[in-house]
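Below are two complexes that have chain A in common, paired first with chain B and then with chain C.
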Partner chain A sequence: MAVAQKTDQDTLVEALINIAGEQDVVTGRVAMYAYGYDATLLFGVPRAVVFPESTQEVVDIVNYCRATGVNIVPRGAGTNESGGTIPVDNCIIMNCCRMKKVLEVDLDNYVAIIEPGVVNYDIQEMLAKYGYYYPPDPASYKASTMGGNVGECSGGPKCFKYGVTRDYIYGMEFVTSDGKVRWVGGRDFCSEPFYDLTRIMCGSEGTLGYMTKFAIRIEPIPAAKRTMLAFYNEPVDAAQSVADIVAAGIVPTTLEMMDNLIINTAEDATGAGLPRDAGAMLIIEVDGPAYGDLDDQVKTITEVVKKAKPKQFKIATTAAEVDACWLARRVAIGSVAHRAPSYSMQDITVPRSKFPQAVAGIVQTSKDYDLDIGILAHAGDGNFHPLVLFDQRNKEQSERVHKAEAALVKMALDLGGTMSGEHGVGLLKKPLLPNEYEPVTMGAFRNIKRAFDPINRMNPTKIFDL
Partner chain B sequence: MSQIVEQLKSVLGAENVVTKDMAKYLRGGEQPAAVVCPGTGEDVAAIVKAAAEAGVKVNVGGRVVETAGLAGGIAVVTQRMNQILEIDKDNLTCWVQPGMLHKDFCDSLLKEGLYFPPEPYAVGTSSVAGCFGVGDPDSKSFRYMPPRTYIIAYEMVLPTGETMKIGTKCIKCVSGLDLIHFISGTRATLGILTKILTKLLPAPVCKSAVVADLPNISAAAKAFLAIQKRRLFVVRENAITAKLGQNILSGAKGAVAFVDIEEFPKANVEYAKIVEAELKIAGATTTKIITDPKEYAATELGWLKAREAVNLNANKVRFTVGASNVVKGLDAAQGVVGPLNENEFTLIEAQLGKITVATANPDADAVKLNNAAMKLGGNVSGLLGSKLRCDEYSDTAMFDSITQLLHNIRKEFDPKGILAPGVKF
Partner chain C sequence: MGDILAEIYEKLNTCGRCGFCHGACKTYKKDGAEFFVARGRVQLIKALADGKIEDDHDYENVINSCLLCGECAIACPSGVKTHELVLAARRDYKLKKGIRPFLKSLILSSMTKPGRLKFVFNFFDGFGKNAMRRLDGMQFFRGIDMYTMPSSNNPFVAQVPEVVSVSAPKKRVAFFVGCFMNYAFVSSAHSVVKVLTKAGCEVTVPRDQPCCGLPQYVYGDFEAARAQAKKVIATFGKYDTVVTACGSCASMLKKEMVELFHDDPSYLPTVKAFAAKVFEFSELVSTLGIEDKLHSDSPQIVTYHDPCHLVRYLKVTDEPRKLLKSVPRLQYNEMFEANRCCGAAGLVMAFYQELSTKITADKAANIIGSGAETVATSCPACMLKINSGLKLKGSKVPVKHVADVLAEALRD
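For the complex of A and B:
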């Protein structure tokens, strides 16, 4: 009787099962489909998906992959907008979702130790019970994992005042392609081992190593906050209010803007009573100690906003009104599905003073390529999310979308900005990266990659080629 | 060697190449071949390129250059590159040259209603580039984050002599690997900064401070813990033993507490009252709330002088224990270095959970203090702390792998090993 020879694939699967257990390895084509895409329209097929549950399992998988020449693509919940978790040639997906333990919460010392599969929302919920929180809260925070947040250095609505993910990671444990485990940083700002290895890992999109634990900075929830909502005739009026608020010495927690198209799709979705003829909507939030200063800030902001002649201006006085202010923003991205089956979302960022020119540039791009483009923006950061609406089944339209994406990036760079404020580069923006950086800087990126992963095993071909 | 000195004279002008009476520019026992004072980024690129070709070591400083490993090398003093190039109030950014004195930079910005929170490492000599080169998280970091947060773009001459540019006026950027913030703390091992774009904040609407004389530093730590338990987060909660504390509060006998408050007006008043009350409960014999801007500036300068004295003293150990464990950390320190009030200095930066103690035996005491700190969830700071932590776990492989990574990075950028020769991993 002929005995079937084991294929490379059989050997790989067997090895992964030996390391992680059968329940933590997925190889069926249908089951793997869910791990082949992310929030972009890109798609790929891995050889297997494995869910390690410990650092040792990660080490064993990395060692096996190094010995057999298999690439490793890290993945959390797959909410990224850059193609960073799309499978590449001859790769396994190493998914962190089952490393989801909160190992320690030390409220008195403002630190928590967590595994990468912890969902951002879950740690927020846990901390909120004690009156604490973890400030970075990307729009995907209900689903996205902390591993993904750190890998992409996620932003969110509170960045203007509180910073981004990198600012809240005290230290981390990671495994590099040589199978070595390193804990760098500590439980404070002072423990990096000379070079700030924690910072270079943040936002490296899994290209330098696989992160297995984090020490995150947590903070008490501010004692008080005030939320305001303004509707304007034109986005440029909202931009003026943003500039004036900052010039008044106020650093709001949030300055979120939506344009007319998004106001209307959000209204379609919620029926919240948003004025459909408004050109722009701005959510303004301030927080701080509860000694009455916030009321003074609200007065200042009210005067500043009135200078821009808003159509409406509301100050939320109850939690329900605060929720109402945020409802439209929360549904904004999903709401465009009412208009088109597909969307492309950029995260171009420009200096705040260039906000009006960037709005004009997006409008012009919409005209130039005959595409509907809605604008969402973290206005305080100059960080735009132009949502290009289209139908990916329409090839001609899809090609126009790609041209429009490149035009938007060019516009941001011409205004002294960057192609990515918070989503990362991944595969999607990789071809455009040399437009932002000179060869010397690209060479410096490669220096770092070679220092960490000289065999180019960790998420290869992402961000740049080695 | 004389060949490269002559070459640099032709590039920079003989008046900017010093080969005699170099002492005022140098710190350390070794003697470089020359001190050079570039005026532009192009000058720096020419210096480094010439040094790389000749295989000559280079180190850099704003006013003073560390000479360890620099015998026969080139000391680059950036004091001529000392200008603010652009203040952009709309975007809250500032382009500045590397050699501007850190304190002058902060003062110039305050006059424009702008705020650069990081503090000088050594108020008399530290430059803006030094702030980021050292990257030391100062005592305002709990509120404002460490210095790395405030560099958002730069130009840097690499060890090859090439100039690298990175960053924009945007406070958010995840395009490519984060070499922007990573550069903080690299101590010129990867390149020499020639132009820096800093992030700024609007100047605080209101500034005040509370200073107090307490019987000892543990009493101050207890007061700070009480303040934290009330969920009142000020800008800093520092205390330092009396000898250096004189800089802040003349006539102090025990330990001087220095608490900064930067809130909007109403909160500022309330916070100051609460802080003063807690310091009195902890036994303060003298307290003072400072609101007058001139008096505040003088008090802050006193603190910066004390900070300078601590930072420039090699005989010390710095460790962290977490904000809630500072009292216990001080007890442990007393067990190692003896009575803290009699010590040359003991400094606590309570919100950061950071303790710095003077000691005649820093190497030996660091081991003991790290052991004590680890029991409280902390460790000695920096690379030494990483080593001691690994030693404590008998995990030399971990430390070896960390230093291997540091070497890999440095070698990728500086294969000939010419920059910052005194920095050893």
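For the complex of A and C:
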């Protein structure tokens, strides 16, 4: 009887099983297809998926892949909007979803030690029991993992006041492609007087190493909070309020904007009771240690908003009202499926003072390319998510979408902004990156990558080619 | 016949891969694999429709491990109803390949044949259970507590007269017992009759109790399910009011049965007329005004678990809670995530026992966390599964049907 030749694939799978155990290795066409996509429209096929459950397993897998020339694509929940987890040539997906222990909660020092597979929402739920929270809360927080949050340096509605993921990572453990385990940063405080490697790892999109542990900064939940809702006739009116609120010296926790199209799709999805004829809405939230301090802010905001002649302005009085408007905001992105089967989402950011011009620019782009574009913005940060609606199966329309995307990015850069506020570069924005950075700067980025991963094994071809 | 996947293609295409279902889907929360979440299921069904994958054994696992709990649909901003798409995919799979594996088809066809059904339940009760007992560590076979799984040689229908009459009946109702109650939760079935009669109803328990057809329906065997539906209507169609105390049966008789005949205009009106006469136990009882007949000497703390079919399919949530709260000296404690799936989900508990058992562990922890001394629910399948989950955690909290709690508060 002829002995079947063991293929490369068999050898790979066997090796992974030896390291991680049978339960934690997945292959087969059906499963590989499920790891081929993320929240973008891109696609790829990995050779296998492995779920390491300890740092040692990560080290062993990395060593094996280095020796055999297999690429590694780190992955959390796969909700990124930039193609960061799309499988590359000859790769395995290394998934942190089953490495999800909370190792320590240290309330004295406002720190928690967690593994990368912990889902953002699960941390919030766990911390809420102690009266604490972890401020960065991307809209995807019920799905997205801390590995992914740090990988993309995610922001959330609260980041205008409280900052992004990077500002809440004291330190972390990661494994580089040489198989070494490194800890960078502090545990109970920021401790990098010189090269801040922790901050470089934040937003590294899996290209520098596989992260296995984080020391995250947690905070007591602010005792007082006020939520306001303003509906306007035109998006530019809302934009004016944004500029005026900030000019008045107020730093809201949240300043989120949705235009008419998004108001309507969110209403389709939730039935929260938003007025469908409003041109735009703002969610404005302020928080602080005591309600007394907030009254003045609420008063100022009320005056400022009234100046822009809103259709409607209200201060939420019940928790249910607050929840309803947050629900509408959180579902905004997915809800556009009620209108079109595909969407392309940009992540452009402009200086706050240019906010009204950017709104006008998006409206103009929508006209120029004859496409529906919904506007969703973390207005406080000047961060826009224009959602271009289309049908992927329509080739001609898809071409127009690509042109509109490029026009939006150019508009942001012309206003002194950036093409990516919080969603990362991945594959999607890779071709556009050189528009934003000089060749010398691109060279510096490449050198950083080489310093961490000289053999280009970790998420290769993402962000840029080496 | 049109291609089913082609029919649902636009719905599959609505999924924007946002991942919002990841937090809602229990099979994903427990396993962590993308092909066990609503997004993965939808994308894979679409991939099959596009000819990019084969409907192999892995694919079968993807669609058959779904709890059909519908939680993802609530979370989905795009309006994707994955449980319905999975059902369509199972139907498609059944038409192309028949029901596999072998055992599943054994169970499904047994359910349509009362004699065989008795055999299956007796297997667990008699030889099966004893054989399991002799093996160390086999107390929990596939996540079900074998020692305490109730099952009766003597089904409920054999223990009661066909008509349980009362003097001057307010209402006449027919009791659709459902196979789980008929064979495994006989005492709960007695409770149902007791509550109904105390409330002034004359209860007819037809000798012929066909399976509602849900197990066949959810695995895509619509032919068998339609045949069952016709049998059910043949027996129960003549009564003015039909009551069932199995949440799954209630959903089948009131909702899915109508969908099953949506393309059969000649029979659809009959089904609709029948469905309109069916009531879930708590729905019916809360209209009968039994509150002032309830007595209780000792205080008790009770919580309630919402069966998927009641909370998300039929949207019955207030009635059972109101009934429980109307029992004197009963303190009602709502548990955390009361409306989330307990992991039973028909045959998922048998074929994906590890996954299902992990899901039940959450439910058990929430029950214990509520401080309740009793957990009540409205579906025998949930009762079985939750009971096992609590035992595994070493808890002595008893699982009761809402009817049991009410029956105890009604003096004989």
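List of remarks:
In this section, the second predicted complex is superposed on the first by the 460 of 466 C-alpha atoms of A that agree within 3 Å, B and C clash if a C-alpha of one lies under 4 Å from a C-alpha of the other, contacts with A are read in each partner's own complex, and residues count from 1 in each chain.
By definition in this document, a residue touches a chain if its C-beta (ideal position, glycine included) is under 8 Å from a C-beta of that chain, and two chains touch if they have at least 3 such contacts.
Just so it is clear, the structure is predicted and the values come from calculations on it, not from any experiment.
In the superposed pair of complexes, A:119 makes contact with chain C only, with no contact to chain B. In the superposition on chain A, A:37 makes contact with chain C only, while chain B stays out of contact range. In the superposition on chain A, A:320 makes contact with neither chain B nor chain C. By the touch criterion defined above, A:383 lies against chain B but remains apart from chain C after alignment on the C-alpha atoms of chain A.
Taking chain B and chain C in turn and counting the residues of chain A each one touches, the greater count comes from B. In the superposition on chain A, contact is made by A:334 with chain C only, not with chain B. Contacts of chain A with chain B, set against its contacts with chain C after fitting on chain A, share not one residue.
For chain B in complex with chain A, the touching residues are 88-93, 113, 135, 137, 141, 145-146, 148-149, 158, 162-166, 168-179, 181-182, 184-186, 201-203, 205, 228, 231-233, 263-267, 270-271, 318, 320, 322-325, 352-354, 377-379, 381-383, 385-386, 397-398, 401-403, 405-406, 408-409, 411-413, 425.
Those residues of chain A that touch chain C in the shared complex are 26, 28-31, 33-35, 37-39, 51, 77-79, 95, 97-98, 100, 117, 119, 121, 140, 142-144, 266, 268-270, 330-338, 341-343. Within the complex, the chain C residues that touch chain A are 10, 13-24, 32-35, 40, 43-44, 47, 52-54, 56, 58-59, 62, 75-80. Residue ranges of chain A in contact with chain B, taken from their complex: 106, 108-111, 131, 152-153, 155, 159-160, 163-164, 166-167, 176, 178, 180-184, 186-197, 199-200, 202-204, 207-208, 220, 223, 243, 246-247, 249-251, 288-289, 291-293, 296-297, 349-353, 378, 381-383, 416-425, 429, 433, 436-438, 440-442, 444-445, 447-452, 454, 463-464.
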